[in-house]
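Same chain, two partners: chain A is paired with chain B first, then with chain C.
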Partner chain A sequence: MDHKQTPSDVWIAELRARFPTERTVDAALTRKLRDRAGLAYAPTSLARMEELLRTFFAQAVPGGIVSDVRPLGGGASKEQYRFDVAVGGTSQTYVLRREPPESIVETHRLREYQLMRAASGTVPVPQVPWVDAEGQWFGRPSLISEFVSGVTKPPSSSSNVSGLGTEFSAEQRALLGPQFVELLARIHQFDWRSAELDAFDQPTEGTTDGVISVINWWDRVWEEDCYEGVPLMRLAAQWLRRNAPPIDKATVVHHDFRAGNFLFDPDTYQITTVLDWELSHIGDYHEDLAWTMQEGYGYYDEAGRFIVCGLVEQGEFLRRYTELTGFPIDQRKLDYYAIMNAWKSTIIVVATGIRCTIGGKSHQDVLLSWIAGFGNITMNTLETLLRKEIAHGA
Partner chain B sequence: MVPDTCLRLRTCLKALDDIVTPALAPDAGFAHEQLALIKKSLQLAIDQIPYEYVFMVRDAQDHLVLARDLAPYVESGGALEARLAGSAGVIAALLPAALPDLPELKQRLRTLKQDVEDTVDGLCTDRTGTELNAIERLVLDHSARRIEMERAWTIATGFEIDPSAIPPVVELIYRTADTPAENATPQTRP
Partner chain C sequence: MIPDIELRLDSVRRALTEVILPGIEADNSLAIEQTMLAIGHIGMIIGQSDKVAEYAAICFADLAGAMADLPPAIGQDTAAAAAALAAALPLPEQGTDCRAAYRGASAALEHLISTADGDGDTPFRRDLHQRVLAFTKRQSRRERSWFGASGFDPDARTLPSIAEMISAERKTTLGS
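Entry: the complex of A and B
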């Protein structure tokens, strides 16, 4: 019997007490557990989606006419529909992102909504006019953004699922690479303290509070979702706690800045928008740098140089980033966050992804069972990096 | 091993039900017939996989019994007697001592894995210095072996940068160099 499929109130309370983390992260994870024993995912007909959208827009945009509702491919974590709303002869295309009953990452729509609105003007992001944070209108929490055109990979490129392993030619890299680094620099330079981000807890600079909060977040997810024990994951969690570095400068951390999570114009190779802000938080910029530099997102060229996300040579990536931000790069912190990120990536695909499929909870269960193979790559990275650190006495 | 093959196939069935079936034109009769057979075949595989090995063992046992019962009727010293004795002997040597209960093994293995994980968690919390270092190395060495096996098992998912660096899974499964002693049981510190 798998008690995790029918979480008791006692177990939920115990997890919340054992792993204190941000308020809205706790809210999203607690909701997931409370709903887990409920129904599996079942597709909503387009007619029903159109009905839901019409009901919503009757109050959001009186006189607006909803039409052309279509499902969008991609989106490993959230269901996506594009649709048009016409008002007085002008039509605008939008995208609805709706949570499935459980997702490969369980996040709070209010966080995504607030950060995308705040980042608008700093980096290209879709405008986000509406959020249904509690699922009042769409049955499950949802977000509505403007539709932005563009592609995630070159038309001729091959890649695995979710944009992993996307290939870019030298010419494409020359066009996209500099923009890619500049956008990450701008995200980290963004003055988040002046923005409306009350869904986020602020870490105290000069302390490890924010880092421990992130470890608790993901340690809790592992505990909630893993199907079977993996000793390496506990070893890693304990090592991360013992070696947590203080956050010297708190910035926005996008948390999934990589190829596959931005759109570009396939003719001009101009990046048109940065996507997938749902895991964003306030933390250490080294966490983002190490995430983007993960081995699984890039490749080694003929000269043995690592090409970050298939776009920029690693040395150039860090040099350009430092030029743009003026932020120092602390190699010890990069090494630390490389371990943390390999650990988190493993939790996402091996624990949560599989937990979704056990309950039949997502619109992408078949993709989630496929992408679990990537967890073996991230776990290998985790083992290799931890071994190196432990050999050096950390 | 997560996901196991049955769970993987269940996700395929669900995708066919949720996404593919509604997308087929209602008048695509042949496609609907094929889809129905594909779904039934997948369900059959899901039902059979947990028992396929023991089904074969049972098959072998039944044929051994028949071979034994037929033996008195076979001409002594003939070619058939030698063939029958030879192949029966080989099969008898390959068979496990008892019919394994694979679903039970799967469930118990899961419990053991959780107990090992909790043990590592506890030891890493309250041990320090050389003792902690020794525990860490044990876990890392174990992990390296398991990860290599899992990577080989799922190599067809296409995430390996250099697939040729991973040995075939069959080679790893039957590799004897690091096969643990049978019935190894933990001896705790007094």
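Entry: the complex of A and C
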């Protein structure tokens, strides 16, 4: 067993000092390390989960009756349970998202809760009535949202885990693609300064502070979680620090806006909700654009054109985005964030995912050890992009 | 060794596919998803199980070759880190599992890259970075073949199978 499985207080303090980042990001990562030497994941019986929910709803919705508690698949990160709450003859379906002891991304529930509430009305998101940010009610941090119906992929489509590689027909693309771009544009145009987002630190526009904070966040995660050295990752981190561009316009960055992270009605192809806000932060919209345009999330068509997330041709994606937002596209920044995102993706699947499985910390260990194979794709992309930049002397 | 490992794994895979998966309630999506992943894992492991040691030896030999004969470093810390890497590169005795040696050398190389960013001279850093990029290109291509059955690779058709990759690397990297 390596020393990372039993983190010392000295090591934790050293990491926090070496990689200063947002307050609530630091809080989530520190909690992960402090709990790491503790127990592995153990399933909670549905009877016990129902008991926890009944205790919670006895005070949250007096008279509410909890029933039909069921586990949900589909997510790589958090445990999810669907359940009903009946009050006075009316029943509402909810989803509980609970952190496992460690997760493929370690995030703070308060951030997810605040941003989903803030974004409501701007884009379709599930209503999030409750958060248990410290795990007082459910043993581990959790939030509860309303259940939204819809599917992540066409009924006849194949895909890998987590919505990766989802296939859409030309007709389906024509229906979903424009909505997909418009929703991203609306997220970036959202007036976050007027929202209640005190769990987030605000980057100073015109400086690189916010970019360095993001690099520190993920460099720290690499240090905390990587099991096997990958020399390229160190090289990439150095390059990212040296070449960080200033954030000229700070926007909400969803950070995982792609196929698999929205639901749509399988009959009308109307997008019903945008999911997975847990990595969101305030930053540069180019970071989101480059994330969504990652090679691993799309494909090249027969004409050699890249289809973003299998939904929109890349040129059309950027043209329509600019029309909707009026935001300029800086190709240098797109290139920069393409490297940053390939680096972050590799950290998530190759470092944190594997670290979770070493400790047996997640309900999805079998998925995490499978999805690690995606890391070779992101690493190959990272090498290709970084080689170009280094060849140009950057 | 009767039955051998592949046969036993295949029988587990068949039990999962033919008995356990159909027995799961249709609304238990988590259990269905995890059973399908377990079936996929077993299939991948069957294709890798008799090649793990040779694959690790190839990865280590390539890393050692890529980092052999680094130019002398001027900075004191970088020179010390380069010496530590050189000490981690000798090939383990034949028959030894190379995975630990690979991890040790990778960690030493990561440390050298960090150190060279401090007091390393520019020619040394440039040479080191080029070697790292070249090695990563070969290693990620190998890994893409090794995990090709996971189905993530958009260019899977351009990759050799595990058997083809091992056979080619046996000549080019191991020199056997």
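The rule we apply is simple: the second predicted complex is superposed on the first by the 393 of 394 C-alpha atoms of A that agree within 3 Å, B and C clash if a C-alpha of one lies under 4 Å from a C-alpha of the other, contacts with A are read in each partner's own complex, and residues count from 1 in each chain.
One rule holds in what follows: a residue touches a chain if its C-beta (ideal position, glycine included) is under 8 Å from a C-beta of that chain, and two chains touch if they have at least 3 such contacts.
Predicted, not measured: the structure shown is a model, and the values here were computed from it.
Q: On chain A, do chain B and chain C fit together or clash when superposed?
A: clash
Q: Just chain B (first), just chain C (second), both, or neither: which does A:Ile354 touch?
A: Once the two structures are laid over each other on A, A:Ile354 reaches chain B alone.
Q: Check the residue A:Leu386 against both partner chains and state whether it touches chain B (first), chain C (second), both, or neither.
A: Both partners, chain B and chain C.
Q: Quick check on the superposed pair: does A:Ala170 touch chain B, chain C, both, or neither? Answer first, second, both or neither.
A: In the superposed model, A:Ala170 contacts neither chain B nor chain C.
Q: In the superposed arrangement, does A:Val230 touch chain B (first), chain C (second), both or neither?
A: both
Q: Figure out whether A:Arg70 sits in contact with chain B (first) or chain C (second), or with both, or with neither.
A: A:Arg70 contacts chain C only, not chain B.
Q: Looking at A:Ala17 after the superposition, I want to know if it touches chain B, chain C, both of them or none. Which is it: first, second, both, neither?
A: Touch status of A:Ala17: no partner.
Q: For A:Ala42, is the partner it touches chain B (first), chain C (second), both, or none of the two (neither)?
A: A:Ala42: touches chain B, not chain C.
Q: Is there a shared patch on chain A that both chain B and chain C touch, and which residues make it up?
A: Residues common to the chain A contacts of chain C and of chain B are 160, 164-165, 228-235, 238, 295-296, 299-300, 363, 366, 369-374, 376-377, 379-380, 383, 386-387, 390, listed in rising order.
Q: If we count contacts the way the header does, which residues on chain A are in touch with chain B in the complex?
A: 41-43, 160, 164-165, 227-235, 237-239, 295-296, 299-300, 350, 354, 357-358, 360, 363, 365-366, 368-374, 376-377, 379-380, 383, 386-387, 390
Q: Taking the touch rule as given, give the residues of chain C at its contact with chain A in the complex, in rising order.
A: The touching residues are 27-34, 37-38, 40-41, 102-103, 106-110, 113-114, 117, 129-130, 132-133, 135-137, 140-141, 143-144, 146-147, 150-154.
Q: Show which residues of chain B lie in contact with chain A when the two form their complex.
A: Spelled out, the residues of chain B in touch with chain A are 2-3, 7-8, 10-12, 14-15, 18-19, 22, 109-110, 113-121, 124-125, 133, 136-137, 139-140, 142-144, 147, 150-151, 154-155, 157-161.
Q: Using the touch definition from the top, list the residues of chain A that touch chain C in their complex.
A: Checking each residue of chain A against chain C gives 70-74, 160-161, 164-165, 228-235, 238, 295-296, 299-300, 363-364, 366-367, 369-374, 376-377, 379-380, 383, 386-387, 390.
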